[in-house]
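This report refers to the structure that appears directly beneath it.
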Amino acid sequence: MKKIIVALENISKSFDDEQILSNISLYIRENEFITLLGPSGCGKTTTLRIIAGFETADTGKVYFEDKLLNDIPPYKRNINTVFQKYALFPHLNVYENVAFGLRLKKMKNEDIRPKVKQMLALVNLKGFEKRNINTLSGGQQQRVAIARALINDPKVLLLDEPLGALDLKLRKDMQNELKNIQLKTGITFIYVTHDQEEALSMSDTVVVMADGKIQQIGTPTDIYNEPKNAFVADFIGESNIVDGVMLEDFKAKFSGHVFDCLDKGFEKNEPVDIVVRPEDVDVVDVDSDKAMLSGVVTSVTFKGVHYEIIVDINGFKWMIQTTDYVGADQKIGLYIEPDAIHVMKKSEYSNMFGDYSSFSDELEKLSDATEVIEE
Amino acid sequence: MKKNSFMKQLASMPYYVWAIIFIIVPIGYVLYYAFTDSEGKFAGLDNFAIIEHYASTFSLSIMLAFIATVVCLLIGYPLALAISRTKPTTQKILIMLVMLPMWINFIIRTDSIAILLEKNGLLNSLLGNFGVSLELMDTRFAVIVGMVYDFLPYMVLPIYSVLTKLDVKLVEAATDLGCNSIQALTKVIMPLSLAGVVSGVTMVFVPCVSTFYISQRLGGANTYLIGDAIEARMLSISADYNKGATLSFVLMILIVVSTLIMNHYTDDDESVAAGGIM
Amino acid sequence: MKKNAYIIACFVLLYAPIIILMVFSFNSLESTGVFGGFSLKWYESILQNEKAKEALINSLIIAVSSSLVATVIGTFAAIGISRLKNKFIKSSVMTVTNIPMVNPEIVTAVSMAFLFMGTLSTLKFIKSDDTLDMISLLIAHTTFGLPYVILSVLPKIKQMDKTQTEAALDLGCKPTQAFFKVELPQLLPGVLTGLIMAFTMSFDDFVISYFVRPKSTVQTLPLLIYSMTGKGTVTPDMYALSTFMIIAIFLLLVLANLAGSREEIQAKRQARKLKKQQEAKK
């Protein structure tokens, strides 16, 4: 295991009586690409700003390479930030923006020039030195912001929703580029986003946050396959989350049927949350022996690779992704493999998520869009 | 971070001190003199008895300023509207030209009107060719001409700045809905440019009602305005600071009240600033 | 066409008197009714006029120093005012700031006259009346210049992105460095506009100077012009002086507009770019 470079211990923070962070502890290692993921207002940006030094924690400690960082002002921290809207200086051109940090260190012109060149090459902006910031596109401004931060050789780079203002295609390109830069430089990246896809595809470690608390820390696959509670299961990808009872090890009962599963270590007859991902459910004939559950299809949407169908099972609506066509109002049977069933302990988020009765694609997109604007 | 913003709060301290000593305290002095007698004793409203003495002066000031303001509006609104409908590049030049006279000292501007109107001035020497001679100087007419000439740009600019921000599509929508061009003007453009009119009217009325130079230079003995009265009470041999202060105080109240009434017609509290001097 | 004719008519009305005044400054006769031929004699006379020279120097000293002081105090004031969180305090401060602009000049003038009569004359250590006159004029001019500076800097502060300051700190600036390297350069256009406005207001002021020190021996150009027009006859050397002032103000305005238009071009560029981005998003 690599050395821990940033440590947060029992951090709490509130603004105007509103608790933003409650008792957060987080250990970040060298060379790690770690993402703080969560909906707006979950405290991810505040966490980042505490590490950068723009906010001070009410209680708790921040360590940087084992040194206490709490009372060190931002300009004395070997940490740099890429801001959400870049915060490039409009009165300086590209070259001077990138050279800004070095000039503060009173470095000589002839030493600055090759470093700026090297940085601009790293972010694919060769030849842009003389350009005015206002003449650059969003993607180009983004690259300048990255170069400006990286030129100071920070041990840790903080990125606050850096791709939030870019359109979809540009965002995908920049994701790859950011990942490459991180691999090339070996700098620890602490990345904040509300976009779960972005988090899963770029990060070594994902920290899911909600309501000022860390819900789960893990690799992207862990987070997706073994969500710790209903919130994480719902926030990451699509999930059907139903109430169940753990009868004994490897035996779970939900939706009126007893299933084999791979989970153990629960009390006898402990109430639990069960997660089943839509792509892990097979549609079978309702009369077939394989059919474990049965329900009525209430809607069918063609998604290209698969159909997305909503199935009403005893009043609870499941989302299922299938390549076979089924018609609306058809009664179908469902089959679930033991390894597709994920059992979670009950939490404060139980019964809040996972029912698709009010689901609509448009609504989802709408809420995503407003989130970007709000932040 | 907290220290930083504290420093920034501290940065405005010199101004606060300055504003207290050189804005608030002087106003306090006006109040002090207005409510005391020449020996510094509290005089209640005694000083305000002179208002009766100056009643005709006040009413003449208000009347002339009112007429000048209306004339400015009648000339200025169409001018602002006409300018706002020219090409953008032309607009910039025209507005520059409207602003330029504002920066010429108003004594000079008033004098240039005097050159025209004087007995042996240009107008009369031209008219003399036709055997006509007019006594234009030392009349109320001359004072109004001077006021209109001096302050017309202050009417045009704020109206223009509101009119240019007005969305052309609104006018198009109005005509689409059946307005002819005059109805579009009265039903859409005018109501929406009210903020500009209010700030223009304020910017013309205030200096007109308080002027003393224009009336002295162009109005002669026939037009003794409130500004002249204040000047006399403050600077002449018959100076009486208490009465000067009382008149200033009444003028200030008059302006505050009329500004409040004017602003009542618009809720855009930045309209005065939007009028801008530049 | 009607529209253009109206515009032209208005501009003729606006400019004819001024142009006539300027023309008569070149008159060889002392008449304001008859032009007797081209002559520079009034300019010669005003150039040889010691009072005019002195007044010009005084005007420049007062305008330069009062506008500089107003700009420094006003810029810092705007920064502090923009940080005020309490709405009541903020609006009170703004109301006080607006007083010298909203009040009739003559009332401001009277109020300041009282202050200088009352307070300044008790400062016994200032022996010379000239110094006292000068200080009074400087203070008065700074005071009515301040709101113009504050009101032109405030919107620039509002426009500025707060993360700019954070970015500067993040890159290693101390708070004071962040102010001088990042914040101030972005406020500069507003600061310059304020400076130029304060300068012109001061250079042009008559009413307040006239009241503040009634027996002042320190004359400014507008005071001199006033004393030349007085209530009696006017000699055309005053027109020559006026023409000079008009040209000086005109040059200043051109300067200010050059500074302004550069900023405008940048703003336009940015607007165009934003539009493109939005279209690309669609």
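Just so it is clear, A, B and C label the chains in written order, and each chain counts residues from 1 on its own.
Heads up, the rule we're going with is that a residue touches a chain if its C-beta (ideal position, glycine included) is under 8 Å from a C-beta of that chain, and two chains touch if they have at least 3 such contacts.
Because the structure is predicted, anything quoted here is derived from the model rather than measured.
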In terms of CA centres, which chain lies closest to the overall middle? C
Chain located farthest away, centre of subunit C as origin (C-alpha): A
A-C or B-C, whichever has more C-beta pairs in contact: B-C
Subunit A to subunit B: how many Å between their CA centres? 61
How many angstrom lie between the centres of subunit A and subunit C, each centre taken as the mean Cα position? 55
Would you kindly tell me how far, in whole Å, the mean C-alpha position of subunit C lies from that of subunit B? 18
Listed in rising order, subunit A residues that touch 2 or more other chains are 53-54, 73-74
Touching subunit B in the complex: which residues of subunit C? 3-4, 6-7, 10-11, 13-18, 20-21, 24, 31-34, 73-74, 76-81, 83-84, 93, 96-108, 110-115, 117-119, 139-140, 142-143, 146, 148, 150-151, 175-176, 178, 193, 197, 200, 204, 206-207, 211, 214, 222, 225-226, 229, 231, 234, 238-239, 242, 245-246, 249-250, 252-253, 256-257, 260
So in the complex, the part of subunit A that touches subunit C is made up of which residues? 52-54, 73-75, 79-81, 83-85, 87-91, 100-101, 104-105, 132, 134-138, 148-149, 152, 167
Where on subunit C is subunit A touching in the complex? 161, 163-164, 166-174, 177, 181-182, 185-186, 188, 266, 269-270, 273, 277, 280-281
With touch defined as at the start, can you tell me which subunit B residues reach subunit C in the complex? 3-5, 7-16, 18-19, 21-27, 29-30, 32-33, 75, 78-79, 82-83, 85-86, 94, 96-101, 103-109, 111-116, 118, 120-122, 124-125, 149, 152-153, 206-207, 209-210, 212-213, 216-217, 227, 230-231, 234-235, 241, 244-245, 248, 251-252, 255, 259, 272-273, 277-278
